[in-house]
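Just passing along the structure, written as structure tokens.
For clarity, chains are labelled A, B and C in written order, and residue numbers in each chain start from 1.
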Amino acid sequence: MSPDRLLFLLPLVPLLAAVVAFVAPGWSRRAGLAAATAMPPLALWTAMGVLESGMLSLPLGGWTAPLGIALRADGLSAVMVLAVAVVGFFISLHAAASFPGAGVQTHRERFFWPLWLLLLAGLNALFVSGDVFNLYVCLEITGIAAVSLVATAGSPDAIRAALRYLFVSLSGSLFYLMGVAILYGGTGVLDLVLLVEVVAGDPPAIIACLLMTGGLMMKTALFPMHFWLPPAHSSAPAPVSAALSALVVKGGLYILLRLWFGPFADLVGDGAIQWIGGLGAAAIVWGSWQAIHQPRLKLVVAYSTVAQLGYLFLLFPIAWSAADRTAAFTGGVVLLLSHATAKAAVFLAAGNVLAAVGNDRVPSLCGLSRWLPVSAFAMGLAGVALIGLPPSAGFIGKWLLVVAALEQGQWWWVAVLLLGSVLAAVYIIRLLGPAFVMPDSDQPPNPVSRIAEWTAFALAALSVLLGFVAIWPARLLAASVGSGFSP
Amino acid sequence: MTGSTVDLFLLVGAALFALGAAGVFREVEALRRIIAVNVMGSGVFLVLVAIAARGEGPPDPVPHAMVLTGIVVAVCATAVALALADLSRRHGSSADDKADR
Amino acid sequence: MSSSAFVLLGILLSSFATGCAIFFLREGSHRLRTGLNLAGATVKILFVVALLRGVYQGVVYQISFTVAPGVTLALGADANSVFFVTLSSVLWFWTTLYAVGYLEGSPRRSRFFGFFSLCVTATVGIALAANLVTFLVFYELLTISTFPLVVHRGTRKALRAGRVYLAYTVGGGTVLLLAVAWLQSIAGPVAFTERGALGAVVDTHPVQLKILFFLFVAGLGVKSALVPLHGWLPRAMVAPAPVSALLHAVAVVKAGAFGIVRLVYDVYGVETAQQLGVLRPLAILAGVTIVYGSVRALVQDDLKKRLAYSTVSQVSYITLGAAVFGPLATLGGIVHLVHQGIMKITLFFAAGNYAETLGIHRVSEMDGVGRRMPWTTIAFTIGALGMIGVPPLAGFVSKLYIKQGAIAAGEAWVTLVLAVSSLLNAAYFLPILYRAWFLPPPEAWPAERETGRFETHWMLLLPPLFTALMVVLAGVFAESGLSPLAWARIIAGREYGP
């Protein structure tokens, strides 16, 4: 069977598992773990297919565009799907390990699995969608699943944060949908590849571009639309925080990349590109500054996400006029992967701290290296990736961006990238410093599951090891250059 | 349908969208914001329907399909929002109760 | 895998694998950990011996690995790398032995020795790096792996020192990253090449290259403790003695100085650097650092702090040697890389012994210590006299060549710097020696420990004696074919054109 035919399995497998988990709660954990285990091979298969043929596409039910829905995967999709599969796998393991043992099913776990699997299905569908309306539907599915997952924490803070997140998410999607409507009104086309040909620089297209960009900025929490992210990401349960920061916010970014470097490429001038980069730079400085001053571990990490998303927006101006666009894109994508793995690791480790100590105030981290050596190590390794120190993937990503920017003489982005690293070092050290203090007792107040510790470690190790194989995403991206779909 | 009617629908749709958006950002109370989001959604749907009706001959089915999908999504989202708002209200009142005692 | 790759990776992995394995050991498995440590160190030395033999027979060692578009990690063994890798692997062995003895019975040893091994991995990586990106990767890895060692004790003071250390080194690393990336955007990926790797770019971008040179110096100067970037070094003295020894003699400071040597000779090329006019300012910076460090050392009562400021001063001899144009000065600077290493490590080993055995931390407490611990004090004396430059010890040889080189290059002021520095060296070391040997010991030592048969634990005694012996041998047999000087002569010969 050719990998094209298998594209629909990517969303379908987690979706079916979600249905099973909802209908038969007793089976939910098993269904979740089974789907999580099946996803990495599927994603790998997709990636191999992309490497071989440049692009995969599957018209669902045999109906082709404009009537039917086409699933499509190129190098960028394959990288994202792989990230979802691998990070999703470890998050699932952590979730399974951190809920109470078999036989006891809490209210929280009852709802966690179906929603989490729905989220995975939505993300996978998003990354293989080939048209702008389909992307809207996927955005909504992931948004609603993500909001509900935040609410599973159950605390008043979490509910309030979830509600706020929901409003931002819904209005962001509607902005996007309005843009889709106008775009369709002007061109009669929804397909991303066909749109590239027909979008002209007329006012409706510009309005559509503005609306869609604005909506996606809200969903991606780009500064100054980031206000909803820290409360939502910090009050959710640990696996959910990890998934939100590592994967969900990347969905909006992915669509923005597709649009700006695809259909809107002719509308977007140098000015707009510099503007969105400027917002990214502001996000880096503001997010890092806030992260430095937060009293709680999870808030530090959440603000760090605001900052790290800023880096990904620097990709826009740096890749825009790069001589070697693939190299710059590789930098951005490697940075994205590094952040996905490292941030998931830190949030999972933070969950372990919370479970062990009962709170996550920064001073409570004293003694961490004695109580939870594996989690402390995971935070250290992930911290290395977040700062962007070699040999981590964070370093390779930043390096590629810095070199690309210097080659074009865009030194101001270099300054921002380097400043961001220094600020990141400050907030990471603030977390890790206390970890080296000797605690009074040898045992943490509450025991933590070993699997929960090692999943965080595995993700952190990945974020470093990826630095050695950054050539793989580069190959995937290069494989589909010129396929009409890829940036 | 004539061009001017379509334009009117487009304009009303855009106005509803803008009103709704303003509501989402300005209102504080959850219920009002939920209604505002729905107003926003209606605006988008109206625009889509108007786009379908443009031109000669039978209306374009694709925007209709989009509106139908959009309505389904909006219903789900509203349900989630109402549930969350309800939870939030209950949490809020229980906290207030404790404070009263 | 070819045998050349096998040897290079073997040198790296012998400590990396050891480190990773040690992290997973339980705290109690003392014997296994010690065994692993010493086995790793021994295996590394064997690999280095194989490398030396191969290089001597003319084998070209080179492996590379592309990690991302335009980013290639490459290891190789040119004359410079062989020199530095030999130094660090030999000294690592003795430092490990010393650390095992020093930390006996203290907590968190698995973590300590894990990072200790990573630290040496990073150092040999710096030595073997064949291009700038690889150098940068290992340079930063060194920062990461030394931080946990500096804060090892977990006290407030240690944490504060760790933060200062990181602030300096991360800042320096960022500047270095900028410099490397900028240079790459001008000249493409830079591989270390004898007599310079810049080629035609020198004529097209002279101004940018001048700015870049000082960016590089700023980035490397943090680790090599050039004034005014030296502030972290005295503070980092809160770390346990083996860490100080490692920081000062083998790893961090050395990595910075080695980086400057690489920069001058194998990135710019000494002739190009001279032509760009960047050597003179670097020499002046080094001269200022030498005098400043010595003056500050003079007024420290804390023994380790005095040694720390002495390091600030002594390491800059290497920079000075590199910055004075001419083969003689090059020879002196490069050979000081080894000579300073063995002398300073001896001093730190001895200082650690005083602290560990008798509880002596201050110079003023050292009265008569030579009678209680004669062997340690003999080692200390040899190290101190070597630092002053008393013939025929190692320090004399390096100073002699730098001085002759300076005269040959017409930089007479350098001889003045050397003379002042030697006087100051004498002024801060001789009083210690006087106290130790000629003043009567106190009634009771600050915190004396039971030590068994020898004056202190044998694992603490053996390393300083060995390194002190090396100080003597490197000086006395400087003219033999196996001495560091002979090797440095080969390097210096290659860096200058016919």
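Observations on the model:
We adopt the following convention: contacts are C-beta pairs under 8 Å (C-beta built on N, C-alpha and C of every residue); 3 or more make two chains touch, one makes a residue touch a chain.
Just so it is clear, the model here is predicted, and its values are computed rather than measured.
The touch graph of the protein chains shown is a line. In this view the innermost chain, defined by its CA centroid being closest to the centroid of all protein CA atoms, is A. Subunit C has its Cα centroid 68 Å from the Cα centroid of subunit B. For the pair subunit A and subunit B, the distance between C-alpha centroids works out to 27 Å. Subunit A and subunit C have CA centres that are 43 Å apart. Of all residues in subunit A, those touching subunit B in their complex are 66-67, 133, 136-137, 140, 144, 147-148, 151, 156, 159-160, 162-163, 166-167, 170-171, 174-175, 177-178, 180-182, 184-185, 188, 190.
Within the complex formed with subunit A, the residues of subunit B that make contact are 17, 20-21, 24-25, 30, 33, 37, 40-41, 43-44, 47-48, 51, 54, 60, 62-63, 66, 69-70, 73, 76-77, 80-81, 84-85, 87-88, 91-92, 95. Interface of subunit C with subunit A (complex): residues 23, 65-71, 107-108, 111, 133, 136-138, 140-141, 143-144, 148, 151-152, 154, 158-159, 162-163, 166, 170-171, 173-174, 177-178, 181-182, 184-185.
The touching residues of subunit A, when paired with subunit C in their complex, are 324, 326-327, 330-331, 334, 369-370, 373, 377, 384, 387, 389-391, 395-396, 399-400, 402-403, 406-407, 414, 418, 421-422, 425, 429, 433-434, 436-438, 467-471, 474.
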